[in-house]
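Shared between the two complexes below is chain A, which has chain B as its partner in the first and chain C in the second.
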Partner chain A sequence: MSSHRTASGGLIDRGHSLRFSFDGESMTGQAGDTLASALIANGVKLVGRSFKYHRPRGIFTAGSEEPNALVELRSGGRREPNTRATTIELFDGLEATSQNRWPSLKHDFLSINQLASPIFVAGFYYKTFMWPAKLWESFYEPMIRRAAGLGRAAETADPDHYEKAWAHCDVVIAGSGPAGLTAALAAGRAGARVILCEEDFVLGGRLNADGGEIDGKPAREWVAAAEAELRGMPDVRIMTRTTLTGVFDGGVYSALERVNDHVAVPPEHQPRQRLWRIVAKRAVVAAGALERPIAFSGNDTPGVMLASAVRTYVNRFAALPAKRLVLFTNNDDGWKTVDAVLSAGGQVAAVVDARPAVSDAHRALAGKGQFAILHGGIVDVSGGAGGVRRVKAALTGGAVAEVEADGVAVSGGWNPAVGLTSYHRGRPAWREDIAAFVPGALPPGMIVAGSANGAFSLGACLREGFAAGSQAAADAGHGAAAGNVPAAADEPYSLAPMWHVKGKHKAFVDFQNDVTVSDVALAQREGFESVEHLKRYTTLGMATDQGKTSNVVGLAVMAELTGKGIAETGTTIYRPPYVPTAIGALAGHHRDENFHSVRLPHSHHWAEEQGAVFVDTGLWKRAQWYPKKGEKDWLESVTREVKAVRSGVGFCDVSTLGKIDVRGPDAGAFLDRVYINTFSTLGVGKARYGIMLREDGIVYDDGTTSRLAEDHYFLTTTTAKAGLVMQHLEFCRQVLFPELDVQLATVTDQWAQFSIAGPKTRDLLRELVDPSEDLSNEGFPFMAAREVLLRGGLKARLFRISFSGEMAFEISVPGRYGDAMARNLMIAGKAFGVTPYGTEALGVMRIEKGHVAGPELNGTTTAGDLGLGKMMSTKKDYIGRAMAGREALVAPDRQVVVGVKPVDKGRRLRSGAHLLPKDASPSPQTDQGYVTSVCYSPMLEQWIGLGLVARGRERHGEIVTAYDPLRSETYEVELCDNVFYDPEGGRQRG
Partner chain B sequence: MADFSWTPVSPLQAALKPGRLGEKSGPAGLKLTELTGFSLMQVQARRGRWAETEAAAQGLFGVSAPANPAAVEGSGATLVWSGPQQFLALFPAGYGADWEKRLADAFAGSASLSDQTGGRAMIRIQGARARDMLAKVCSVDLHPRAFATGAAAATSVDHTGVNLWRRADDAEGAVFDLIVFSTFAGSLWHTLVDHAAEFGVEAGRHPA
Partner chain C sequence: MRINCPFCGPRENGEFTYLGDAKPVRPEGGAGEEAFYDYVYLRDNVAGEMSEWWYHGGGCRSWLKAVRNTVTHEFLSVEAAPGAGGKAVQK
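Moving on to the complex of A and B:
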């Protein structure tokens, strides 16, 4: 057994040894150990260097409140900085490394910072690095970052997987100590659905460290029986290694489950951590209390530890933190440590009690343990990296005593863990009798029980827990709990508040941030009296422990300095999460290829077979172009596709457009109100281009809508706005126009839709469509829409609409036939050189035709700006009509759509370039607009673009300056008509 | 001029690899099955015509259309609530033109119909760990007390909109059916398999 392991006792498995390493040194611990307890059992005192002064530090607590014992855990991509040795369950092969030291923990070069410590006081950075300001980024900050700080993040991606999950229950309980367990028993017996969250890997809370008797049985036996009973209840879920971390609106709680932090590598398919969102009708907070220290000179020497932590290590982990201990306490609870140490074979060198007198029982204990009781306080600790060597105490009356010791246990009393109770901004209330903050106004549905409520005796914890569980179950609609409240003694807790002892050296309040009593005093002298200012000025209470051991001491010191009471001084605001939560856990499954869901058009797998290059368009993957062997770049492929369409025939999957069935007797009237143009007059079998405005008169979306039956329109939207337009239309239907009898159904996924374009489109369709269908210009004129029969017996919808400016149709079939349609279009068009084309070619052809799209429908343009003002009906009302008439929206100098051509035909255009009068120097005053869309036009054999330019339509032929500050380019362009290709439109009608 | 063949392709054709997925040891904790061959009609009552819509449904399927989130087994079809005064009529064995006409006739004047057969995929999630997997991707409380047999929800699974309902348990445990927009189906399938992997999955495909 290791040097500081006791011969018997504890909840460790002595038959199961685990190998681990700390700073490369191999050691052995037992199953049931934490890293901290295993280090203690191996006699390790020094585990880290402090944040600012690089002072040697040891293990201070035995829980998640640990400020000092932060290590880097694991290595490579799994390296995790700032993990608390006190919460890491030991596993075989565990690797831990100390932090913030160089070259080694024992010989840390930057510990010379301690010599300069008089200047590293609160506000040091603010005061020291102010001038010259330009040195901040280049010099000061990098220097400070090297010197201060804690662990290093991993340099490669985390190979592990995290996930999130929901849980629902009647009663969620935080903590499985005596109060949590009785609450669970009471609620479970009443029939409630219960979730019991325990941060630790065993149930029992302080019962595992302090024992005691419950119903005449040893506490551990009672815990085992309670756990067995709870595990027998099908609707009680016990979640160990799970911390309740937050309280949100509507009875939602967050909890972090460390599913596989206790193994070296998670088993395949299992997450490392799981972030739970728990929806509960009621919550019982039985999160216990945290012991607080007393600040004194040298109180950060390795070997100084909270008294309750000493008991945890001795009783639960069978590890002696010190062989000869001094106890410094101001209350009866601290005295339990004496029993624990003596029973484990340790020595007590002395008890320093801040109170003027102790009980007879304690005096008897001193006789038995042969140690002195010193009434007073510790004023200095000698020692260093090797730990405590000697303790000096100032006694009431003026004498000084010195004691040889290798450890100090300190207890300044207990603070209820009020964090969870304060996340809805309820301020904790000060209770003078226990000198501690207790929960104030609670979040809705929450009950607090036991030590978390300031009820510190075991008997009270059991009573409050049982009552809380019963109450919570009843509130959630269940009956009374069966059984009696387990009984235990109500041990006394007499306390004389003491926060710090005056001494010659640094007395630390916040170990993690190196904040001392004198820093608090300095903050007060410099006017940072409010606790929130104190926190920001000194960093008291920040970082991984969030001041769990330091906040109350810090504000008590401040209260003393200002002469205000502690109640009046108050606490800082508590915010979730209660314990540090990895970003990985917050992201869960949503990383890399799972960052968001992906939508695939029905022809996607066919396009993949063709070797298409895909582009992300919102959630969609769309074929961007289809490269052919030998093509050197995208431009060559896209140019080929455009030429193939304009000279023959091509097709493109346009299924991503939003599609909505608008049905009902009032469908036409409804569309008249949402579009600027009229649809009620559209004949059955006809399609029409429509524009919708926002209420403010700006264009919202566009698309073609076809009337397929008297009471059925088929409306299309842009890809980007599909969901938003559906929402907008539902709002119009349900809220604005409830009197209209109209129904909306999204059918985007129902129809696989393809645009077929080019002069040979009709030839292709004649192959595909049943010969009985008349596809002639008379039988199927421009803007006609109807159902047709295809060869092979499938029915399709055919729309004669064109975005490319060519003779074109769109054909749609039910989604499951989309793949077959792509394949059959290739077969039907083979003789005509059919060419599949992607979104790039689609974009090129729309710019050649001067059609507006997303870059022009950009939330700033009116129908008039887009050259579509004539579509605005004057004979009816529609959404946006009134506001579209505002002076500013009809002003003659608005920026409107024009075409843009470079004066130098060989020059490439770039969108985003600003347009100024020729030779004007760029300024906000000379800025007249900008280029919105550009492409290389295979038909014009030059770059062309669209732009929004003030009075643009009156300025065709004018040469203006394009100014592109992003690319440092200035060149001349000519404004022109936006239709570059086939301005008469003969091709699409032919 | 040869006739063209029109072979329907499932939206899960590429994503679904039948067989054992995820954890290989022990019995599979759940089964994920694509159900194929169904037809689906969205039925939305016209303004003020819910009573007539219900009556038409009663006449066709012998059951009341669901007025609340529920899935009702009728003759030949399952009626799944999809919103106020609307439901999805799911025909597991599909319907032909005759059924389309029967539906159109029965609901003429009382409801608007939209065929959604091509727009959805259907996935059955069943087994001892079905609820544990769904808890990772769905915020609905699926405990038997909260989500009884026949309960339905229009909700989201991992941010993707679905209709989810509970069928009668089988010997291995709970059985849930969901339908999802077909262009999201592959992505959703991967999400379900990923979250089910730790329990072991038996993936398959069969006619609804």
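Moving on to the complex of A and C:
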């Protein structure tokens, strides 16, 4: 057994040794240890260096409130910085490394910061690094970051995975101490569905450290019986290693489950951590209380520890933090530590009690342990990195006593853990009798019980817990809880508030952020008296521990300095999460390729086989182009695809366009109200291009809508707006025009749709379509749309519409035939040299034809700007009509769509270039618009583009200056008509 | 936050999309620019109970009119839009 391990007792498994290393040194602990308890058992005192001054620090607490003992856990991609040694369950092979020191923990170069400490006071950064400002990025910030630091994040991706899950219950309980366990028993016996969350890996809370008797039995026996009873209830779920971290609206709680933090590597298919969202009708917060220190000179010396933590290490972990201990307390609870240490064979050097008198029982204990009771306070601790050596106390009469010791236990009283109770901005209230803040206005559905509520005695915890559990179950609709309230003693607390003792050296309030009593005093002198200012000026409570051990002490010191009471001084409140939470847990599975869902057109796998290059379009993956062997770049592939379409035939999957079925007797009337043009007059078997506006008169979306039957339209949207248009149309139908008899259904995924374009389109289609179907110009004219029979008997929808400007059809088949359709188009088209084309070629052809798309439908353009003003009906009301007529939206100097081409035919155009009058110098005043879309046109054999330019339509033929500040380019372009290719449109009608 | 959809029951707020104030009523077509200006742009900045449009896009696709306290986030009532029930209604 290790040097500081007691011979017997504790909840550790002495038969099960675990090897671990700290800073490369091999050590042994036992199953049931935390890293902190194992280090203590091995006699380790120094575990870290502080954030600002690089002061040597030891273990201060035994729980998640730990401010000092932060280590890097594991190595490689699993390295986790700033992990609290007090919450790490020991496992075999655990590797931990101290942080924020160089070259080693014992010899830290930057501990010279301590010598300069008179200048590193509160507000130091605000005051010092103000000038010259340009040095911030290059010098001050890197220097501060190197000097003031915590651990290092892993440099490779985390190999483990994390999960998110939902759970539902009647009552969720935070904490399994005496109050939490009785709450669970009461609620469970009443028949409620209960989730009991315990941060620790065993149930019992402080009972594991403090023992005591419940119903005449030793506390640990009672805990075991309670656990057995709860595990026998089918509707009670016990979740250990799980911290309730947040309280959200509507009875939603978050909890972090450390599923596999207690093993080196999670078993296959298991996550490291799981983030729960728990929906509960009621919550019982039995999160306990946190002991608070008293600030004194040298109180951060390794070996100074909270009194309750000393008891935890001795009683639960059988590890003696000190062989000769001084206790400094202002209350009876601290005295329990004396009992614990003496029983475990340790020595007590002295008890320094801030109160003028102690009870007979305590005096008897002093006789038994042969130590002095000193009434006063500790004024200095010496020892440095090696740990506590001497303790100096000033006595009430003025005398000074010095004792030799290797540890100090300190208790300034207890603060209820009010974190969870204040997440809805309920301000904790000051209770004078226990000198502590207790929960104020609670979130709806929450009940607080036990020491979290300021009821510190064991008897009170059991009573409040049972009552809270019964109440919560009843509120959730269950009957009364069976059984009696377990009974235990109500031991006295009798606290005399004391927050700090004057001394010569630094007395720390916030250990993690290195905030001292004198920093608080400085803040007060400089006018930062409000608790919110105090916090931000000194960084008190702003570290990862959220000031769990420091906030109340800090504001109490401030209250003393200002002469206002603590109640009037008030407290800052807390935000979730209650404990630091890894980003991985918040992300869950949403990382890498699972960051968002992916939508694949039905022809995707076929396109992959073709070697297509894909582009992300929203959630969709679309084929961008299909490179062929020997092609040197994308431009060569795209140019080939365009030429193939314009001279022969090609096809493109256009299934990503949004597709909406509109049905009902009022379908036409409905579309008349959402489009600027008229659809009720569209003949059955016809398609029409339509534009929708927003109610403010700006263009929202465009697309082709076909009338398949008297009461059935098939509407298409752009790929980008598919979901939003559906939402908009549902709003129109359900909210604006509920009197219309019309129904909508989204059918985007139900149909696979291909555009087939080029002069040989009909030849190809005749191979696929049943010979009974007339595809001639007379039998299937431009803008016709109807169902056709395919060879083999499948029915498809055929639309004679064209985006490319070529003779074109779009064919639509049920989604499950999409892959087969792509393959059959290749087979049927082989004789005609069919060429699959991607979104790039699609884009090139639409620019050649001057069609507007996303870059022009940019949320600022009107139908008139796009050259489509004539489509705006004057005979009906429609969404956006009234506002589209506003003066500024019809002003003659608006920027409208034009074509642009470079004066130097060999020049490449770039979208985004601003357009100015010829030879004007660029400025906001001379800016007249910009280039929206560009492409290399294989037909014109030069770069062309579309732009939005003031009065553009009147200026065709004018030479203007294009100015591209991103690429530092200035060149001349000619404004022209936006239709570059086949302006008469003969090709698509032929 | 949970929203009690009249069709689907209480569901997580991530399934819903918020639109905003449900008080403004779209004017009749001929009402003119000023009436539409009010409808499109003018909103009360309510601290307290406010009726709002929410869309259950991750569920039944119904538009819902909810009364919510903007200070506490408590939902006081949730009802379906007039046309959400599936039948045309008399205006």
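By our rule, the second predicted complex is superposed on the first by the 990 of 990 C-alpha atoms of A that agree within 3 Å, B and C clash if a C-alpha of one lies under 4 Å from a C-alpha of the other, contacts with A are read in each partner's own complex, and residues count from 1 in each chain.
As a working rule, a residue touches a chain if its C-beta (ideal position, glycine included) is under 8 Å from a C-beta of that chain, and two chains touch if they have at least 3 such contacts.
Since we're looking at a predicted model, the values are computed, not measured.
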| item | value |
| --- | --- |
| Touching partner for A:743 - first (chain B), second (chain C), both, neither | both |
| Which superposed partner A:13 touches (first chain B, second chain C, both, neither) | neither |
| First (chain B), second (chain C), both or neither touched by A:767 | first |
| Chain B versus chain C as contact partner of A:221, first or second or both or neither | neither |
| Partner chain in contact with A:794 - chain B first, chain C second, else both or neither | first |
| Partner chain in contact with A:609 - chain B first, chain C second, else both or neither | neither |
| Which superposed partner A:816 touches (first chain B, second chain C, both, neither) | first |
| If touched residues of chain A are counted for chain B and for chain C, the larger one | B |
| Partner chain(s) touched by A:279 [first = chain B, second = chain C, both, neither] | both |
| First (chain B), second (chain C), both or neither touched by A:248 | second |
| Set of chain A residues, in rising order, touched by both chain B and chain C | 277, 279, 740-743 |
| Complex contacts: residues of chain A adjacent to chain C | 248-252, 277, 279, 444, 666, 695-696, 723, 726-727, 730-731, 733-743, 876-877, 881-883, 885-886 |
| Residues of chain A that touch chain B when the two form their complex | 163-168, 193, 268-271, 277, 279, 589, 594, 596-602, 605, 619-620, 655, 661, 663-665, 711, 740-743, 745, 747-752, 767-768, 790-794, 813-820, 824, 827-828 |
| For the chain B and chain A complex, residues of the former touching the latter | 1, 3-11, 13-14, 22-23, 42, 44, 46-48, 86, 111-120, 135-136, 138-139, 141, 143, 145-146, 158-160, 181-184, 186-188, 190-191, 194-195, 197-198 |
| Residues of chain C touching chain A in the complex | 1-2, 10, 12, 17, 19, 26-33, 35-37, 39-41, 53, 55, 57, 61-63, 73-75, 80-84, 86-91 |
